[in-house]
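What follows is a pair of complexes built around chain A, which joins chain B in one and chain C in the other.
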Partner chain A sequence: MPERLDELTMARRVVAELRPGQVVALGAGLPGRVPEAMPPFATGTAPVQFLSESGVLGYVGPGESSRPGAGALVDSGGNPVALGPGGSLLSLGDLAGMLRGGAVDVAVIQPAQVSSGGDFISWTTAATPGIFAPGAAVDLAMGAQKVIALLPHTGSDGTRNLVADSSPLTDGRNCVNLIVTDVAALRVTEQGLELVEVAPGWTADDVAALTGAPLTVAPNLREMTLAWNDADADAATAGKVYPDGPAAIADLPEGATVMIDGFGGPGGMAHYLLVSLRDQGTGNLTIISNTAGIARSVNFGTPPGRLAIDHSILIDHRQVRKAIATYPVSPSASRPSSFELAYRRGEVELELVPQGTLAERLRAGGAGIAAFYTPTGVGTLIAEGKETRTIDGKDYILEEGLRADFCLIRGHKADTLGNVVYKGTSRNFNAVMAPAARITVVEVDEIVAPGELDPELIVTPGIYVNRIVKRPEDFSAYE
Partner chain B sequence: MAQEKVYASPETALADVFEGAVILVAGFAGCEVPRLLLRGLADRGVGGLTCIFSHDAPANEPANASANESAVHGSVAQLVDKGLVRKLISPLPFAPGAGGVVEERWQSGALEIEIVPQGILAERLRAGGAGLGGVFLPTGVGTRFERGREKRSFQWGEALLESPLKADFGLLSVAAADTLGSVVYQGTGRNWAPVMAMAARVTIAEADRIVEPGGLDPEAIITPGIFVNRVIAAE
Partner chain C sequence: MVAEKERLEREVVAMRVAKELPDGGYVNLGIGIPTLVSNFIADESVVFYHSESGVLNCGPLAEEDEQDIDLINAGGQFLQPVDGMAFFNTVDAFAMIRGGHVDVTVLGAHQVSARGDLANWMLPERGVGNIGGAMDLAAGARQVIVAMEHTDRQNRPKIVEDCTYPITGKGCVSLIVTDLAVLQPTPEGLVLKEVAPGWSAAEVQELTDARLIIAPDLKEYEL
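So, the complex of A and B:
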């Protein structure tokens, strides 16, 4: 038999699969070699952002080989890594939501076994007989858009690692898309495994002889691709900064569901984007927000003779069909809010959600949680039409996750990768909304280069932010 | 008032840990494992414990060396070795190939192990800390992790009902704490600590640095002091 590829060369085949700008989660074991196989990058941003099971986002290559201790940075396997410019840190709770919520483009895992249907058993499951501990492999494989299995084609005793039938021990069902081994690359298709590439010197027959599942051979079978393809590197990293508000929301469609941050007063709200949306005139919107606009009826320190900009400008402009909100009324009966008046006229619908439930539904939407039981609202109007369930002697109601087409948030500073920090109470709903929308647009006071924000201070990682605009310096939150 | 959270030693901070307590132990692959508190717990010697944790062996050291070192420096394995642990709940209770005393005790039937994948464990702890009655997760659908769980279809597909996890004590190692218990982490030291701090009735942090209130940047605080009940200095 011809020579098999070494680990680093296998990792280079994975690198050939990655595209600039992607977020790539790497499991323990062989996937830990992938950063080493990346080409060096000059300055600015790393071409892809690696994410580890330990909660490091945006790391590069191996780090200093120091003992794990205070301030250490380690990857999924506990090996030291270094943070790249624009990298940040996550708790394992945030990481779970990031993986499950679908924010990760590619996951690379090392299974002990993959079936022709794309089921897999993690190497850690196989290496802990009887206990069968998968670690985080289950999470990596179920949330990513594309899952690459990186493993030796056979065990050291000749066991076939690619098999026809799934095992009852499977850690993930129908989730592997591409298999990279030390002799071949194979796609998992609806018809089973398709051999697409072979290592130098190997033939389809050689590979088939080592495979425990039927293979089809791709008509254009070729030698393994090992080169990083940086064709659209610039587009992927520089493309998040938009020239102005109107450009950043130009494709926001009629009838869209839009999350808009803010608490009560005008603070921590994307006023500039709100004005852009009002001027764009897009209608039939469903807005998800805390108040649906009360700042202009409550004043909150608005200078005399002027009006605070908030959601009310969309209501007044008749762009809103429905609000999902917590506090859509003015606290003053004599000064009703725009939404209140429109509601009384029968022009808008309302879904009333308590503030904590709204926050939790947004987090669920961003974190891939379908639904949850919360005690909030039990025995009140909020519970109407919802399942009530007694768990361990306490009553809960079932609430579902919320997602949106667009999300307009307000940060203090962002780097060009979209990492955001907030200031004071302007954090409010921003951090929990950002992950829950298809397109998240952030309005900030200042845009900086990756690496200029303290990684320990980044609240919203850039993978949740699609577009960035700078709020014009002469822009006023009052009209 | 504030100073009441700062304890003089692991012994005083752990004085009310009782037989059969459920204990959360933060740390990932050797990073920010609360070794001082674990050693204190081993010295205290209360048994029947349930520990919820990820294996704490640094992966870049030879398996045997790390096992020996952990036994000296404080680890869940040390508690198991002393016969103080009844059950472990973990995504990966030991580094593969380095099962040591944990695997031995499990094989002899003296130790129960419940495997919960990492993301499910994180979410169950968060649910416990956030007062939720349960969460429907898509993780594990169609696999052995479906066993015993209610399955339902929602707008985004099938999901399994996972129950919240709460504990009696949570043990953390943190970069810095103020005397009100607010803490900041450094690097991968963050790992389980924020979700575990929320899910434990009594959370104890061993801190490399203890400062007065105001000594930490408010924008940088990850775990607010309301989730941390006791702080000790890490030597």
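So, the complex of A and C:
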């Protein structure tokens, strides 16, 4: 048999599969070699953001951190890694949320076995027979848009790692899209495994002889691709900063669901984007927010004598069809908000949600959780029509995750990769909503280069932010 | 007329509630009389305040010339920056509440029932209301204290056998402190524990819809 590929060359085949701008989660084992296989890039660009289940987003490969006073960073295999400019650090809950929420483009895992249907067994299971130890591989494989299995074609004793039938002890069914081994690259199709590339010197028959599942051979079977394809690199790295508010929401469609917050006061409210949306005139909107605009009617969180811009400008402009909110009306019946007046005229609908339930519904929506049980609202009007369940003697109601088309958030500073830091109590719902929308636009006071924000202090990682605009210096949040 | 007898000031009600807060505890104060409670914490004890706006260890309000829109409590009031303040997002703010990390919340109410049901988010005549953080606090705080006037503006009892307004939480209130009395909802009914100076149990009963069980050790309001 011809020579097999070494680990780094296998990793280069994975790199050839990646595209600029992607977020790529790497499991333990061979996937840990992928960053080394990336070509070198100029400082300040981040063509691919690597994510490790150890809680690091945006690392660039082996090495020690160059940040003074910073602790050691390791990848999921425990190897020291260096953070790239604009990288950030995450808790495991946030990390799992990124995966399930669909924010990760590609996951690379090293299973022990892959079946022709794309099922896999995690390597720990094979190494420790009888002990089921899926680790993070299950989350990686379930959550990422595309899953690449990177593994030797056979075990050291000649065992075939690619098999026809799935073991009953699978860690994930129908998850793997592409298999890269030390002799071939294979696609998982509905008809089974398709051999698309072979290592130099290998034939389809050589590969078939080492494979425990039937193969179809792609008509354009070729030698292994090992080159990074940077055709879209410029678009991917230049794309997030928009010249102004109107440009950042130009494609916000009629009838969209839009998250806009601030807790209620002017702190943490994306006023510039709000005014841009008002001026754009897009109608029939569903807005998701804590209040539906009360700052103007009762000076909530507003310095005396100022009239704050809030959701009321969209209501007054007849752009809102429905509000999902926790505190929709003025606390003072004698000073009704625009929303309350429109509600009384029958022009807008209201879905009233407890505040903590709204926060958790958004978290769930952003983190790929369909629904959850909460004790909040049991026995009240909120529970009507909802499934209830008694768990350990306590009653709960089922609430569903919530997502939106657009999310307009207000940060203090962002870097050009979309990492955001907030000020004081102004992060509130902003940080919760950012992961839960298809397009998240952040309005900040200042845009800085990657690396200028302390990775330990980043609250919203750029993986959740699609567009960035700077609030003009002469813009006022008051009328 | 009992209805016209002098009642306690709001500050005195707040002072009585302050006695209930555990030293070193985490406490969430609602709007109205509850907000006043922080003025009456004994000098030797420490209470850590939590607000749904996303801040822990908040304290005094800011002076008018030092107001910062990025530093507010859940009532939209401006806070003074304090050493040891911690900021967090709304998910974390409510994980603290529902997860049982907030020891006590003090809330206002439209009605409280004899068995501790709380109604404080909606007046039916207005047709629409604000829930805000109230339902989560009712369901999640380890102890819910209601601080309020004993009757509404039309002098109708706010402490009732069963709430007629939409409720915020069932059986969640463990103590009611009013401008007339201190009462404890129990599964057996409402226990009258303390009365304001000059008030008798019978006079308090006259302004209370729920039937009162007089505590064997009924006392005058203890401050």
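Convention: the second predicted complex is superposed on the first by the 465 of 479 C-alpha atoms of A that agree within 3 Å, B and C clash if a C-alpha of one lies under 4 Å from a C-alpha of the other, contacts with A are read in each partner's own complex, and residues count from 1 in each chain.
Keep this in mind: a residue touches a chain if its C-beta (ideal position, glycine included) is under 8 Å from a C-beta of that chain, and two chains touch if they have at least 3 such contacts.
Remember, predicted model here, so these are calculated numbers, not experimental data.
Participant: Does chain A have more residues touched by chain B or by chain C?
Facilitator: Counting residues of chain A touched by each partner, the higher count goes to B.
Participant: Of the partners chain B and chain C, which touch A:423 in the superposed model: first, second, both, neither?
Facilitator: both
Participant: Looking at A:329 after the superposition, I want to know if it touches chain B, chain C, both of them or none. Which is it: first, second, both, neither?
Facilitator: second
Participant: Just to be sure I read the superposition right, which of the two partners does A:91 touch: chain B = first, chain C = second, or both, or neither?
Facilitator: First partner only, chain B.
Participant: Quick one: classify A:354 as touching chain B (first), chain C (second), both or neither.
Facilitator: It touches chain C, and chain B stays clear.
Participant: Report for A:1: first if it touches chain B alone, second if chain C alone, otherwise both or neither.
Facilitator: Touch status of A:1: no partner.
Participant: If you stack the two complexes on chain A, which partner ends up touching A:73: first (chain B), second (chain C), both, or neither?
Facilitator: first
Participant: Per the contact definition in the header, classify A:375: touching chain B only (first), chain C only (second), both, or neither.
Facilitator: both
Participant: For chain A, which residues lie in the overlap of the chain B contacts and the chain C contacts?
Facilitator: Shared contact residues on chain A (touching chain B in one complex, chain C in the other): 360, 374-375, 422-423.
Participant: Hey, which residues of chain B end up touching chain A in the complex?
Facilitator: Within the complex, chain B contacts chain A at residues 28-32, 54, 57-60, 90-94, 96-97, 99, 103, 106-107, 113, 115, 117-120, 122-123, 125-127, 130-145, 152, 154-157, 159, 163, 175, 184-195, 208, 217, 219-220, 222.
Participant: In the complex of these two chains, what residues of chain A are touching chain C?
Facilitator: 263-268, 290, 295, 298-304, 326-329, 331, 333, 340, 343-344, 350, 352-360, 362-363, 374-382, 422-432, 459, 477
Participant: Over in the complex, which chain A residues touch chain B? Could you list them?
Facilitator: Interface residues on chain A, with respect to chain B: 28, 52-56, 65, 67-74, 77-80, 89-93, 95-97, 99-100, 123-124, 127-128, 130-139, 142, 168-174, 360, 364, 367-375, 389, 391-392, 394, 396, 400-401, 421-423, 454, 456-457.
Participant: Which part of chain C faces chain A closely enough to touch in the complex?
Facilitator: 31, 51-55, 64, 67-74, 76-79, 87-91, 93-94, 97-98, 117, 123, 126-136, 138-140, 166-170
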